[in-house]
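One chain, chain A, links the two complexes that follow: it is found with chain B in the first and with chain C in the second.
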Partner chain A sequence: MTVDRMTQSNPEPLLSLRDLSVRFRMEGGRTVAVDSVDLDLAPGEVLGIVGESGSGKSQILYALMGLLASNGEARGEACFDGQDLFTLSPRLLDRVRGSEISMIFQDPMTSLNPFMRVGDQLAEGLIVHQGMSKDAAKAEAVRMLDRVRIPDAASRARRYPHEFSGGMRQRVMIAMALLARPKLLLADEPTTALDVTIQAQVLDLMAELGRETGTAIILVTHDLGVVARLCDRVMVLYGGRVMEEAQAEALFDTPSHPYTKGLLAAMPRLETELTPRLGTIPGTPRSAGREVAGCPFVARCEVRLPICTTARPTLRGVAGLEPSRRTACHLTGAPA
Partner chain B sequence: MSLLEARNLGVGYTIPGAGLFGAPRHLPIVHEVSLSLQPGRTLGVVGESGCGKSTLGRALLQLIPSSAGQVFWQGQDMAKIPNLRRRRSEMQIIFQDPIAALDPRMTLGKIVSRPLATFEPELSKAAARARAVEALQQVGLSADFADRYPHELSGGQAQRVGIARAIVGRPKMIICDEPVSALDVSIQAQVINLLMDLQESMGLALVFISHNLAVVRHISHEVMVMCLGRVVEKAPRSEFYARPLHPYSKALMDAVPEPDPRREKGRVGTALPGELPSVLNPPKGCVFATRCPLAAEMCHNSRPLLREVAPERHVACHFVEGA
Partner chain C sequence: MLRFIGKRLWNGALTLAALVTLTFFVMRLAPGGPFSRNRKISKEVQANIEAAFHLDEPVIQQFGRFVWRLLHFDLGPSTRFRDYSVNDLIASGLPYSLTIGFWAMVVATFVGIALGILGALRRNGMTDYVAGTIGVIGIAIPIFVIGPVAQAYFALHLGWLPVGGMGAGWKSWVLPVLVLALPNIAYISRLTRTSMIETMRENYVRTARAKGIGGRRVLLKHTLKGALLPVVAYLGPATAAIITGSVLIETVFALPGIGRHFVDAALNRDYPLVTGITLLYGGIVILFNIGTDVLRAWMDPRLRHA
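What follows is the complex of A and B.
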């Protein structure tokens, strides 16, 4: 499906990252959080970026939005709709953010202004970015709240964020993000703080709205289940580097990187046959640190070779797997 | 005889009354919970936020007073056990946030051996330290961890220390309150496996409290589903997961995203509508009636009792027939 979109209707990717790195200046040196990530996202595509803590998954989104901490720096190219986000003037970047790219966060409460009525917060963006009149913007805000299934939207719009439940707040955030009809929605662990039944509602909503508006989504999550429900394509990140990339079904059917395999084996499931013990990956996730010469996963990898500590595996096709697969592993990533 | 038994346990908190001068009122959180736990077994308690699962866990240890019913430890009413503090070596608890559960100013050796000062005051300092080191090793941490401090630990290591502290007094049971929820997937699996290994080697009974149905499936022998402070279903693990009977259990099961795109893509659009009702204002009838796809008028008016519909299978739903 995604491939069709790329090749037929729109050959240009909406977003393409080249050699994206995010570094932080720290006491005692530089820390690399994201290390040479390449990515192409087609219009309307839903991409999942999966990783554990410290994998750098959220920093990719922060870099795109210009939201890195003050000691952080993004390098490389982030070409969005023909313009490099990293070289845009602050004024132009402001115009892109909030109208063409929107972002939602894990904790909706800290993203909403507690002193402002929800409807007014929604309308603000329309007034500022699209020059709508106050009344028209408020009416549009109510329509959008209704669209994300906030019951009794007109009267809810006059209430404050603390009067909303966690799930409703996240739906308000989605409404806010989609009001400007962005081409790209960045979602950073949007359902992690929610109960499962509410998470299911929010995921449904994102799937539906993405389909209807043609908004492309990058969903950052630690939850492979959430990825399976929502994403067309998946990118697995470890220690700031892409370990594996594939269409969602293919990745879950035939994971090829030892880290992806390990993650899938470690997940307890509802429907597969029970094993006496879960699969494990020894050790703890690598957090951002100094650049490494070899593969960042090497310390935890059970099939490592001597070369893995000295040479960085490149992301490449895998013999015997579908052509769109990319894996960064000396052992499995033999050229297709 | 059961190791732990609860009979019609009720727990509540006192909350401020309405307005400035309103009298404080009692807010019931857990209602009429009965359960029993055998040595070496795991009871999984699952439910969404506000269902009372953590409150139940604390009440089972009588760390908070119950407002109704009784808890029995090896047949003895816990309210009447003399010197309960010392008996607590037999029943321990571990928490969700492993780092917050550790005193940042103490070495891990001190943290882990500390309970022994209460449980076995006759133990010498050196002997207590040796026991702490032994416990650390049992959870997979080397002896040199005894001289480290909590800030040096990752989340997974901190949870291991929490477990070491729980087992140092050689307990018969551990209440595990969301012990893996804050951990990365790869670490979560390590900790679950560790708990299962310890259960086997020490004959531990576990009460495993979690919002995660898949984790509960992996570790539990019996499963109890709670909703708004009430047990809506209780069943042996394999029967429960093969065929959940209560509509709420089914809804929970459907909502859990599995790492299987074929299953998941078919589930888009099936989410249960509605919000969890507020604990402050619970529905009059069935706790799930406001969101239940099967709800009829009777469900809004009369509360279904938890009844045995098949051997060992208990469900609180007007519509579930004997199975």
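What follows is the complex of A and C.
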């Protein structure tokens, strides 16, 4: 399943980010949330972006959607389908948002409009973007609600969000996001707010529908289990910088960056025998802050070298690992 | 929704009944009566007067009589203004208070909401500063200061409008309405601005923006309703208060409204008039609260099952 779709048939990426940085103006200076991230996404590919809280992973998605907080600013290039999202006028951006790129948010309880019938919220996008008639759009909305397994979709469409459970609301969000058959779906921790029992169900549904519509997905999460389940490729983010990038299976088999190793050691696994305790990464996550000279992970790294505090490691191939692997660590690749 | 309205009406009726009982007995708990005077009058005269107003009967019997009259919409005779019933006094003053209050509230609602929305959309812009200034003036400076200043400038200095009274047709209404509207413009615009800014930060508004439906539609279809709910909640009670007359505005502009009657009646221990106006005020407050509740439930489906 995790075929390298990038290298296969479609050389032209759907989305390509070059040197993406997100900065926030704060009292007493600027904060860098995302620091020169490059990314290529093939049509239909599922990419996971993993990282702890404050690693800047969600801000990448908000930057793409033009939804950064008012004191935030995105720099760099975000080429989507031949146009740079960051230079589009608000009107042109609105043509892309909700029709070519959709987004699912973290908190389904508050992300639907409490004053509007669920069916109307779904139909709205079709009416605006595709010029559908109200009735046709509503019929389409009901079909989609049925697809995300909302029972009795026709009468449910006339209800308000507060009459839905959390899991149902997130399925409604998924229906809304995929209704327009977007080329790209951005999912910001879509299951964090849900019960563990329904997380898998919601994720599988999202992936299944994504496959059917040929939609590429960027899935932001801190849950490595989710990544293992759904993603073709993974990008590990720390302190706003990419630490490691690899095919999902390869990353789980042979993590190369000390941070990735730490993350994997901290993840409980069923197949291995019970170890007395899970691994932890010492220290606390480095929250977005001023730019640093060296590697952002250096303070918590157990194998750091003197060079790590002074020089920024670049993202590059690792000797002895598959060619699509990229790691930003002085220890790997270069002779130590 | 019908059940919701029915429930609210029933609650309103109960509240009104409690109000009727309370006002009646609280009035009579206060020492003295309408005809206690420092000047000595003969026992016979005192007894005659009290008999004429049934004040010699046991209190329970008076209450029964009062409720019976009330059920026929008769508030009884005023003990102060001879030959006038309380109904007459209210009927003569209420239209003025209603009209001034109504228009003041219309002006305040439209101007206040518009200023609030514009201020929130262009935060720290020109409109925001103008609205902020009006807000400070309207809230901080009382009517009895603004009123005379407005009279001095628009009536005496410019001569555009009459100083007071009701003798100049529509022009007589302009100053009282605007002066009465000012504090409400201030309050409503502040409330709208805060509420708009809060709502624009809601997750569901972000969802709407992510749908790419355009800024106008995000504002009109997704932001406005939530933002105006607190404003509607304020409008009900505020309208009830303003249309039942303002002693200050009536005094400053020499208007024959009912606000003055209330103060006079209390000072004169005019039992029927005080009870009458209290009930009128209470009834209108209850009615507007029900109206507000229904309007809010119509706007917000989450409130319908409460």
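Here is the rule we use: the second predicted complex is superposed on the first by the 323 of 336 C-alpha atoms of A that agree within 3 Å, B and C clash if a C-alpha of one lies under 4 Å from a C-alpha of the other, contacts with A are read in each partner's own complex, and residues count from 1 in each chain.
Simple rule for what comes next: contacts are C-beta pairs under 8 Å (C-beta built on N, C-alpha and C of every residue); 3 or more make two chains touch, one makes a residue touch a chain.
In this text, all values refer to a predicted model and were calculated from it rather than measured experimentally.
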Clash or fit, chain B versus chain C on superposed chain A: fit
Touched chain A residues, chain B compared with chain C: B
Partner chain in contact with A:158 - chain B first, chain C second, else both or neither: neither
First, second, both or neither for A:94, with chain B first and chain C second: second
Partner chain in contact with A:149 - chain B first, chain C second, else both or neither: first
Touched partner set for A:107, first chain B, second chain C, both or neither: second
First (chain B), second (chain C), both or neither touched by A:200: first
Inter-chain angle, chain B to chain C through the CA centre of chain A, in degrees rounded to a multiple of 10: 70
Partner chain in contact with A:116 - chain B first, chain C second, else both or neither: second
Which superposed partner A:65 touches (first chain B, second chain C, both, neither): second
Partner chain(s) touched by A:125 [first = chain B, second = chain C, both, neither]: second
Distance of closest approach, chain C and chain B, by C-alpha atoms in Å: 8
Chain C residues within the chain A interface of the complex: 202-204, 206-215, 217, 221-222, 225-226, 299-302
Interfacial residue positions of chain A with respect to chain C in the complex: 65-67, 90-91, 93-99, 102-103, 105, 107, 110-116, 124-125, 128-129, 160, 162, 173, 176
Touching residues (chain side chain A, partner chain B) in the complex: 52-53, 149, 165, 167-168, 195-201, 203-204, 207-208, 222-230, 248-249, 252, 262-271, 274, 276-282, 284-285, 300
Complex contact set, residues of chain B against chain A: 48-49, 154-157, 184-190, 192-193, 196, 211-215, 217-218, 241, 251-265, 267-273, 275-276, 291
